[in-house]
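Take a look at the structures below.
The two complexes that follow have chain A in common; it is paired with chain B in the first and with chain C in the second.
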Partner chain A sequence: MFHLQNNRKKRKLLVLFFFLFSLILLSLCDTLFLANDPNKTNAGYMMAAPSSHFPFGTDRLGRCIYSRVLAGAKTTILSSLILVLITMVLGTFLGILAGYYGGIWDFIIMRIADIMLAFPQMVLAIAVAGILGGSMINAMIALGIAGWTLYARLARGKVLSLKNEEFIYAARLGGNSNTRIMFVHVLPNLVGELIVNASIQIGSVMLGFAGLSYLGLGVQVPKAEWGSMVSEGLSYMQQAPWAVLAPGLALFLTVVIFNLFGEALSDYMGIRKTEDGE
Partner chain B sequence: MKFYILKRLLYLIPIMIGITFLSFLLLYLAPGDPAQRKLTAQTAVTSDVLEQTREEMGLNRPFLVQYKDWFLNMLQGDLGVSYKDGSPVIVKLTKGMKYTGILAFSSFLLSVVISIPLGIYAAVKKDKLPDSIIKVFCFAGNSLANFLVAVALIYFFCIQTNLFPIIAKGNAQGLFLPTLSLSIPFMSRLITQTRAAVLEQLEQPYVAAARARGMKEIYILFKNVLHNSMISITTVLGLAIGTLLGGSVVTERIFMWPGIGKLVMDSIQARDYPVIQGFVMIMTGIYIIVNLLVDISYHFLDPRVKE
Partner chain C sequence: MENSVLSIFNLYVSYGKKAVVEDVNLELKQGEILGIAGESGSGKSTLLKAILPISSSDMTINQGSICLKNTEISNCSTKDLRILRGRKIGMIFQNPKASFNPIRKFRNQFIETLKSHGKYNKDQFEEQIFSVFQKLSLSDAKRILDSYPYEMSGGMNQRIAIALAVMLEPEILLADEPTSALDSMSKSLVMDELIRLRDEFHMSIILVTHDMHVVSKIADSIAIMKQGKIVEMGLVKDVIANPKEKYTKSLLQAVPQINIRYVEECENTENPMLVLDKICKEFHNHTGVLQAVSQIDLQLKSGEILGIVGESGSGKSTLLKLIAGLEKASLGVMTCREKDMLGKRKKEDLRNIQMVFQNAVDSFNPKHKIKQAISESLKNLCGMKSRQSREEKISELMDLVGLDQTLANRYPRKLSGGQCQRAAIARAIAVQPEILLCDEITSALDVSVQAEIIQLLLRLSKERKLAIIFVSHDIALVTHMCKRIMVMKNGKCIEEGLTQNLIEQPKEEYTKQLISVFL
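Up next, the complex of A and B:
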C-alpha cells in the first residue's frame, strides 16, 4: 500500500518536473520560438486582435504580445531561479556558521535575521527598489535582502540538532577540520530540506518580482516582463484585453506549476515546509 | 504577565535600533546628493550655495552623528521634511494612513469573517468534496499576483457590467473593489492555515477520547478544538498583516485609493526619499505592534505560556 502510494507521488512529481523543465527550457531558448521581434514597434498593427501573424495580438505600440510573453518568461523565470539559488546558498552558509560555531557568530547572524524579519517583506522590497531605482539587479537585492533568513534559520536549527550526533564526534576525532565537518559531514544532511523549501519559495519570489515590475520598480522598458506588461495593458484593456490576458495568464500558470511542483516534491520527500512569515 | 510584557519590550529595543539604522542607511546610500535634490527647484545652483545648504542640512557631519540626531527626532515623531515641498513627512503620512487604515481594516475584517469558518469547515470535511473545492480555490488564490486579482475585478465589475467606478473616490462604494482585491489572496492563505491548525487539533488523542465517551462532534469542535487552535490562528493573523500592508501599495495604485501606498509610489517617482523612509518606518512600526499584541494575547489563549 505504502509502495503504491509512493509510486503515485513519484509519477505526479515526474509529470510536474517535465512541465517545469519545459518551462525552463522555453525560457532559456526563447529566441527559437519567437514569432516576431519582441521589442519591434509596428504602427500599422496597433492593438491588433490575435491572428496567424500575431498569435496573441499586439499591444498599443504594435509589438507582438506572443513574442513579448516568451521574452518575459526568460526575465521572470530565470531571475527568480537565480535569486532563490543565491539566497539559498548564502542563507545556508550563514545558518551553518551560526549553528556550528554558536557564540558571537550565532548572535550577530541571528539578530540580523530577526531585524530583517521585523519588516513586512513587500514593504521593505518596495522601499529598497524605490530608493535604489528600478532595474532587475535592484529588484533582486530588494527581494533577497530578507529572503536568505528562511534558509539561515532552517540550516541553523538543523545544525544545532546534528552537532551532538556521534558521527560528528567521530569526524572530529578523525582530525577533520571545522570547515570540512561543516561542509562534508553536516551539509549533506540539510540538502533535502533546503531544496524542498527553495522549490516552495520560487512561486512567491516570482510573484514578488512581478509585483515590483508592475509598480515600475523591476525591469525597465522596453524589456518585456509579465508584471509590467499587465500594468501597461491595463490602461487600454477595453480595446485590447489580450494585452492583459496573455501575460497575466502566463504568470498565473507558471506560478501554479512551480507551486504544484514544490508541493509534490515536499510530499514525495516527506518533508513539511517550514512555516515562514510571508 | 507584567514581567513577560516587559521582557518582550526590552527585546524590541535592539530590533528597533536595527530597523531604524537600516532605514537610515537606505536613505544615506540613495543615489544623488540630498542638498542637490532640495535645490533642484531653484535655478543656477552655485557650489557655494550647495555647500551652504549641505551645512544647513547637517550633511557634512559624520554618519553616526547624523543617525543619532535622526533617531532622536524620530522618537519625537519628527520624520524629516519632504524634498518636494518641504512639508513634514509625518503630516503627509498620517493623511494617507487614514485611508490605508480603512482599506486594510475592512480587508482584514472581510477575510477573517469568510476565511476562518471556511477553514474550519474544510478541516471537518477533510478529503470530502467541500474540502477539495476549497483547496483548489486556495491553491489558485495563492498563485495569483494581487494585481491580477484587481485586474480581473476591474474587468468584470467596471468594464463588463459597469457596476462600480474604476477610480475609487475614497467613499464606501469606492472601497468595495479595493477591499475585495486585497482580501482574495489574503483569504486563500488564511483558509489554508486555519484548516491546517484545526486539523492538527482534530488528530490529537483528546479528540478521540472525547468521541469515545460519546460527546457530540459539534460540542468537541466548538468547545475544545477551536479553543486550542486559536493560538496558531492568531499567530497566522499577526504575520499575515505584513502581507496586507505590502499588498495595499499595489491595490491603492490600481484603484487610485488615496492612501499611504499611493503616496509612496508618487514619492518614488519624485525621488522624495524621506517620505519613502517614513513609509517603511510607519508600516514596520504597525507590523511590530500587531505582532507584539499577538504575543501578549497568547497569555489569554493558552495558560501554558504563563511561566
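Up next, the complex of A and C:
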C-alpha cells in the first residue's frame, strides 16, 4: 500500500513536470510558434475578434494577442525562474551564515531580514520599482529585495537544528573547516526543502511581476508581458474581452502548474524522507 | 485454561509479503507478568501491535486467533477497537515523554483520557487519582497533576503514564520496552511499579523488552522470540536457571552484571597524558546560569580506560565535549602532554583526541557514504592525499573493527545500529588518536551487540595503547572494562577510585544506590 501511494505521488509529479517542462520549452522556443510578429501594429485589424489568422484576436493597436501571449511567456517565466534562483542562492547563503556562526552575523542578517519583512512585500516592491523606474531588471530587484528573506529564515532555522547533530560534531572532530562543514555537510541536508519552497514560490513571483507590470513598473512597451497586457486590455474590455482573457488565462494556468508542481514535489520528498532517509 | 485473560493461538502476522511473526502461541493468566524478550527485529513489537492495532498500518494478520477472555479480537471493527484501546487493553510506550503532550498539564491530560472513556466524575476525580497514585507510591499527587510533562524526568513520566493506564482499569497492560529509555535508577523504580500493579491490582502484563535483566527481575513467565518465532517459553526461574536454547543462553550471557576486570598488568608509572584541573562549564539561559560541569579534576594515562558514570543530566556528556574541544570551558586548565588544550585546536590536537557518539547513525552525514566520512578525516588530519592510499587504509580499518569491506560503500541508514557504531569507531581510530572518548556508545544497541562493541574497544585499547574515557549511565557495563571509575552527579565528581574499591566499598550514598540496582 505504501509503495502504491508512493507510485501515485511519483506519477503525479512526473505528469506535472511534463507540463512544466513543456511550458519552459515553449517560452524558450516561442519564435517557432508565433503566428505573427508580436510587436507589429496593424491599423486594419484593431480589436479584431479571434479568427484563423489571429487565434486570440488583436488588441487596440491591431497586434496579434496569441503571439504576444507567447512572447510574454518568455519574459514572465524566465525572469521568474532567474529571480527565484538568485534569491534562493543568496538567501540560503546568508541564512546558513547566520545560523552557523550565530552572534553578530546572525543579528545583522536577521535584523535586515526582519526590516524587509516588516513592509508588505508588494508595497515595498512598488516603492523600489517606483524609485528605480520601470524596467524588467528593476522589477526583479524590487521583488528580490524582500524575496531572499524566506530562504534565509528557512535555512537559518534548519542550520540551527542541524548544528547540534552528532554528525556535525563528528565533522568538526574530523578536521573540517567551517566553510567545508557549511557547504559539504550542512547545505546538502537542507537543499531539498529549499527547492520545494522555491518551486512553490515561483508562482507568487510570477504574480508579483505581473502586478508590477500591470502598474506600469515592469517591462516597457512595446515588449509583451502578461501583467502589462491585462492592464492595457482592461480599458477596452467591453469591446475586446479577449485582450484581457488570453494573457489572464495564460498567467492563471502557469501559476497553477508551478504551484501544483511545488506541492507534488514536497509530497514526494516527504514520502521519500520517511522511506529511506535520503 | 482457567484464569486465562489472553490467549494467542497459531498467529501469523506480516507486513506486505514479509512475514514478521510466525506461529506464535501464548497464554496470559490473571495477575501474571509475561516477559517477551528478544533482540530488535525479532518481531516482539509487532506482536504487541497485532494484539492492539494502534493506527492503520499495512500489517495483516494472516492466520490464527487472539482471544481476550474468550472473545475473538483479531478481526475487530474500528469501532470495537476504540473500546478495546485503553479500557480493556492499556499500553505504555518506550519513550515516556512522547506519550504526553508536553505543553499541557497532567491534570488536563488525565481528565481528557478519562472523559473519552466515560469514566470522568468531577467530584471523585481527585480522590480517584490520589488513591491510584498512593497505591503506586507516587507521592505529592497534587503537585504532579499541576506540573507539565517536560518538568518531570523520564522515569517520572513513565510512572505517571503507568498510573494513567491503570486509571482505566484495563484487563491487560501491554508495555513496550518501558524501561529502555531510562537510566538505571528510574529503571528500578518503574520495575517496582510494574510489580505493584500485579500485586495490588492483579493486573496481567505483557512486558516486551530486550533487557533480560528486567525480565528476570519482575516477570513470572517468559517467552524468547527470535526472527518472529518463539524459541523458548516457560517460567522465568526455569528458563533463567536452565536455558535450553543456545540463543537464550547468549541473551542471558549478555546481561550486564557487575564484574570487575582485574587488571594484572604492572602499574603504569608514566605521567598522566591528559590533565584536567578544575574545569568548569556554565550555560546561560533565560532562567539564569546552569553549572553543567563544575570543578572537575581528571587525569588519564596512556592506554588507560576510565569510566564515568552518572544519570542523564549529570554533565558527563558536556565534560566529554569539553575534552573533545567541541565546547569551550568557562574556567580551568586542560593540558594534553603538557600542551594547553583550551585554545583553538590544531590538526595534531584534533588527531590526538577523537570521539564516538551515542547515536551512531546520526553521527554520519546521511548524504555521505561511510567511505566518504572516513576518507574525509584521513584527508584532513593525516594528509593522505592519494585516493588509493585512503581506500587501502579504509579496508584495513574495516577489517580491524570487524566489518565487511563492502559496507563502506553504503549510506549510514542502510547499516544496523551495531554496524554503524563499528564504522564510527573505525572513523575515530582512523587518525590514530591517543585518546578515544565514548559517549554512551552502547546504550542504543541490543545487549548482545553491546558486548561485541565492548570487546572491540578492549582489544583496540590493548593493541594500540589507546586511552579510553567511557561514559555510561550503566555502572555494570563500566565495571566490565574500566580500571578506574568516576561517579558524576549534578556536574560534580562525587566519587572516584579504582573499580574494585569503588564497587566493594562505595563511600557515597548515591554510588551505593547505583550499584544496588544490579545486585
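A few notes on this one:
The rule is short, and it goes like this: the second predicted complex is superposed on the first by the 270 of 278 C-alpha atoms of A that agree within 3 Å, B and C clash if a C-alpha of one lies under 4 Å from a C-alpha of the other, contacts with A are read in each partner's own complex, and residues count from 1 in each chain.
Going forward, a residue touches a chain if its C-beta (ideal position, glycine included) is under 8 Å from a C-beta of that chain, and two chains touch if they have at least 3 such contacts.
Keep in mind that what you see is a predicted model, and the values were worked out from it rather than measured.
Judged by the touch definition given at the top, the superposed model places A:I115 against chain B, while chain C stays out of reach. Legend: residue contacts after superposition of the two complexes on their common chain; A:G133 is shown touching chain B, with no touch to chain C.
Contacts of A:N176 after superposition: chain C is touched, whereas chain B is not reached. Once the two structures are overlaid, the count of chain A residues touched is higher for B than for its counterpart among chain B and chain C. By the touch criterion defined above, A:P222 reaches neither chain B nor chain C. Common to the chain B-facing and chain C-facing surfaces of chain A are residues 277-278.
Chain A meets chain B in the complex at residues 111-112, 114-115, 118-128, 130-133, 203, 207, 210-211, 214-215, 217, 227, 230-231, 234, 237-238, 241, 244, 248, 251-252, 255-256, 259-260, 277-278. Remark: chain A residues 1-2, 165-167, 169-176, 185, 188-189, 276-278 touch chain C in the complex.
Interface residues of chain C, counted against chain A in their complex, comprise 16, 58, 321, 324-326, 347, 350-351, 354-355, 357-359, 362-367, 373, 376-377, 380-381, 411, 413-414, 424, 427-428. For chain B in complex with chain A, the touching residues are 14-15, 18-19, 22-23, 26-27, 29-31, 139-140, 142-148, 151, 154-155, 159, 239-243, 245-247, 249-250, 253-254, 264-265, 267-268, 273, 276-277, 279-280, 283-284, 287-288.
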